[in-house]
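You will see two complexes here that share chain A, one where it goes with chain B and one where it goes with chain C.
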Partner chain A sequence: MTEDMSRYKDMFISEATEYLQNLNKSLLSLEKNPENLELLNEIFRLAHTMKGMAATMGYQKITTVAHQMEDVLDRLRQQELKVAPEIIETLFKALDVLEPLVREIVSGEDKKVDINEIIVDLRMIMEQKQPAAASPAKETEAGTPPDEKKTVSKEGEKKRAQNSVRINIEHLDNLMNLVGELVINKARLFQIGANYKLGALNESLTQLERITGSLQEEVLKTRMIPVSHIFDRYPRVVRDLAKLKNKEINFEIEGSDIELDRLIVDEINDPLIHLIRNSVDHGIETPQERVKNGKSEAGYVKLSARREKGYVRIELTDDGKGMDPQEIAEKAIEKGMMTREKLVLLTEQERLMLICEPGFSTAAEISDTSGRGVGMDVVKTKVEAFNGSVTIETQKGKGSTFIIKLPLTLAIIQSLMVKVAEEVYAIPLSNITEINSFTPDFIRTIEKREVIKIREEILPLLSLREVFDLPSRQYGEEICVVTVEVGEKRLGLVVDSIYSREEIVIKTLGGILKRTKGISGATILGDGRVVLIVDITGIM
Partner chain B sequence: MIQEKKQEGTSQLVVFNLANEEYGVAIGQVQEIIRPQGTTRIPGMPSFIEGVINLRGKIIPIIDLRERFSLVKKESDARTRVVVAEVSSQTVGLVVDSVSEVLRLANEAIDPLPPTITDIDGEYLKGVGKLDRRLIILLDLEKVLTDLEKSTLEKINKTLAEETTSSGGAKKETAAKAE
Partner chain C sequence: MGTKILIVDDSAFMRMTLKNILSKEGYEIAGEAENAEQAVAKYTETQPNLVTMDIIMPGENGIKAVKEIMKVNASAQIVMVSAMGQEALIVEAMQAGAKNFIIKPFQPEKVIEAVRKVLKP
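And now, the complex of A and B:
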């Protein structure tokens, strides 16, 4: 493929993915409102555009499937056919064929997705009633918008979609860098203004400061996308799984307009799908069981997102059977993950969190959707990789809630600047639990390691001078200890002094600096200096 | 990057000095030349990596070429420059004694390297350019960089191995050796 084509390929992939998502969403709505002609038109348009795009790019299989879908949809919207559950099911199936076909383009390998079956299925629908009308000769007519009358809200939605542009995240990072530089240079000009007592310069610089401030904010915003980007896929997931498990589930989504860093949104998809499947599969009981327990026949699952001071809180609630911390603990002992002695020390929440340990699964039987004992630990690891957290609330018989807290953005973090010898390092605030200072006689040595006792707890100490190959020094009057935490592990970092607290823009170190030990990245301070960020997980 | 229209059979070089010898690199690989600025040290790196600097919001590593080529150390002075090179999508700064000029060299004037011409490992030398009485050693920056990466990794792995040996007891030691 020529270079030009490959550029269009990326565009096709991202657009096709979006179209598939919209198709899924609209089909789901259609399933609920089979009489809605407007929806049908929308679906038809989507399938038509998809076909057109694929044909231009020369993707034969996608074109063929989309074309057949379009034919069926056209019959439906001409009301020559009635929207029946079987037809919707087949259309869903067609989408399931299209998805791997699009993925095939991404990976560049031919996975030999079989389209014959779906084509036959779609043709079968066409042959219901008037088989003569099944000719695909409606090309020209289909090209024009079939229905000009749309509701106002639909119109608005459409407009918004057309007003967006796809940008490679690299460009955004570059923009971020340049804005940062602007801020630094502005600071230098301020200095000159102060040195030469130029009042007028300072005045206009104040103006410039405001502009750079808003500019930085805007650039940051461009990295954010609404969670609907992934949330919109979930109704389909719930529907399919509920059908498979013969369960009835009302699925509700709230706050899908909440925005998060694009990278987080992409990465959080798999963990969320896992949680949703868990809720549907294990959380919600069968209708018979529910009725027996005095609950409504249909289960209720709700996914919500909302902003909370610097964080986004995503909650998945179900009204299923809930979990019992004691049962979980017993299971953990059975699996040899825990001893009874240790168990006594655990709080209820800690017992619940045992399900996030690798190799844990409470499902009695292994189904093909969940219960393989992988999963919850992956969910936790992934969320924590973004400095987020997972907590569980549950009540036996009433249901469970999984709460995921995520930072708004990966690009900016709060951090504590510490001085070690003559160097300054940044420690992410999210890892810090407390800062203390001690006199040296508090230090004890256990197995050649220095420790300190805080509130009856032993905290191992680690000198950052040692980590970063700096000359060690005798402890002075006071020792400054920054307590950091990753998961359940805690460590006291000995630093020379605390410097400041700042909001920093993270830059990753690439190339030959990729494998630097104890360093997760770097940042540039207001004065242009480069400061390294301590990789807390790495030095634990 | 704007590429100069190539004249038939010539290459355009940026020429710099390092310990009384002249070196040349292809101009297409050089992004810019800057004066040295304060670097931030990166712990645990081999000594030829001086540290990192902020180049208009981008963090790039600074490599001391004298140190890398095992030449005598020299304090930076008014003529010291950093050649910022972009090779295989990586940007690095190379500290050199001074940058003298940009010149064109006919391809016929480039000879393959006589085996014993410099102290530097022959691998990243492309040849020697002759111009009047001057000899310009042509560096292949891509090779220099991949080699840097290799030796950096080696150094990091070595420290890691040492650490496990010193702290981890006999078991880990044998494991490290087995690798």
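And now, the complex of A and C:
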């Protein structure tokens, strides 16, 4: 090829990835409606186009596999072969080979993916002359009702946005950074305007404020992608695992058009897969067990996403065996993670959350499905790293629901500026539940820890001076307490005074500062001061 | 006025590849379409001198589009672009009125050659 094709690579990768996802989705539907000719045509077309693209780029392995798939699919749609479970299985296997091959192009390293086995499997199907020994019940060759046919092709078309451009994520990150700088500089100008009392400046700054606001919103929007990006993969995950475990599961997805920051979407994939695997593997009982307990044979798992003021709420519900907080607590004691004395103080929710503590699930019970990769502790850590939270609702015998709340975006947050020993710190507003001031005589000491009683609830106190090793001081007339919350945990932060409420652009700390305890990042104020952002999750 | 070409292919990747090859050669791109229906509409709208037409696309295929375009303009110049293994369909498309074809994967020279051949009176 004389033309340098490398610059087409990105385009190929993004389109091929999309095609693979659609292939997975369509194959899953075909498995449920093996007679649907329209679906078969769609799958054939996807494999065919993929082959053409790969051949143009000179990707031999992908071309070969896609070509063999296309041959099999062609036979199927010509009705020379019958759609049999073994064939679908083989086609799924072919997709599993194509996926790493595409990823290989992304990473640029040769992962030595072996395609021989799948080629042989596909050829074997081609050699079956007669319709495979399918069950006689499937003899009726009738086509699908016309209305069903329409939905298949229409759906595919609608999904493809007509007026869209593909942009490298790097450009969007740069754009976001620049907008961040703009916001900071705008704030500086405001400061100057205020200091020198320049009326004319303030007027035009108000205009600028509106524009930067809209600009920021637009840029944020460009970073948003629908969660379908990852949700679409899950039916396949559920299907494969259910098959392996001999379970029957109806899996439902809702709200896959909800949008989140691209970075968050990518990062929550692993935790979600882990939760889904948990539900299928540990949550849902075997069909026999279910029938014995008076439940339907097939289990039900539902994944849903929806918007909630400034947050996205993702829920995974199953109607499986559920969990017992008491049993979990007993197990934690057994493992030495918890003493019986401490246990008494824990709420039901806190007992449930023990399963998210590192070391709760041990090697002895890690099955090859749920135990791999991330554990519940990683799920929790990952979600909280994004200022999100995990909660569990469960009822023994009825099922469990895992609720993940995530912020829409990471880059810009509302935050409260507080003063501690002449220094200013930022506390993310999303963590704050209330701000109170008390006279010192309200403070009590329990187990050497200072606490305060708010509305009959005990709130442990923590002085930010203590956290950041600043000189401690005697409490004055009044103490200012900012109540923060992560998940179900609450803590009262003692600060010297409240400074202001501002929209800040998060700058991550790099190098040796990266793992500083109690600090999650920094920001620059209007007057040019650098302010550290308190890592609420970290100090809990 | 340069020579305008309409590119029809369901894969954005293939459209980009064709577009680059053709515009490098000095052809003007009249537009792009990703299915048969759009192809006919874009043809009527832009009146290109030539169309490159994929065959396997979602919905109606490229041959149907060729037939429809021939109804709009009986002397339309259409070059089929199809992946290997679809020879039978190419024959059908030629019978429907397409003037030439290119097999994917193609080399840029082959594309130019096929297009030139059709455009030459």
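One rule holds in what follows: the second predicted complex is superposed on the first by the 337 of 540 C-alpha atoms of A that agree within 3 Å, B and C clash if a C-alpha of one lies under 4 Å from a C-alpha of the other, contacts with A are read in each partner's own complex, and residues count from 1 in each chain.
Quick note on the criterion: a residue touches a chain if its C-beta (ideal position, glycine included) is under 8 Å from a C-beta of that chain, and two chains touch if they have at least 3 such contacts.
Since the structure is predicted, the reported quantities are computational estimates derived from the model, not experimental observations.
Novice: Is A:K507 touching anything from chain B or chain C once the two structures are fitted on A? First, second, both or neither.
Specialist: first
Novice: Quick one: is A:M11 in contact with chain B, with chain C, with both, or with neither? Answer first, second, both or neither.
Specialist: second
Novice: If you stack the two complexes on chain A, which partner ends up touching A:R45: first (chain B), second (chain C), both, or neither?
Specialist: second
Novice: In the superposed arrangement, which partner chain does A:G58 touch: chain B (first), chain C (second), both, or neither?
Specialist: second
Novice: Is A:N177 touching the first partner chain B, the second partner chain C, both, or neither of them?
Specialist: first
Novice: Which partner does A:G199 contact after superposing on A: first (chain B), second (chain C), both, neither?
Specialist: It touches nothing on chain B or chain C.
Novice: Figure out whether A:P471 sits in contact with chain B (first) or chain C (second), or with both, or with neither.
Specialist: In the superposition, A:P471 contacts neither chain B nor chain C.
Novice: Hey, which residues of chain A end up touching chain C in the complex?
Specialist: Checking each residue of chain A against chain C gives 1-3, 8, 11-12, 15-16, 42, 44-45, 48-49, 51-53, 55-58, 63, 67, 70-71, 153, 156-157, 160, 166.
Novice: Can you list the residues on chain C that touch chain A in the complex?
Specialist: Residues in contact with chain A: 10-14, 16-17, 20-21, 34-35, 56-59, 82-86, 104-109.
Novice: Contact residues on chain B for chain A in the complex?
Specialist: Per the stated touch rule, the residues are 38-45, 49, 51-54, 56-59, 61, 90-92, 145, 148-149, 152-153, 156, 159-160.
Novice: For a test of understanding, state which residues of chain A touch chain B in their complex under the given definition.
Specialist: 176-178, 180-181, 423, 467-470, 507, 509-513, 515-519, 522, 524, 528-532
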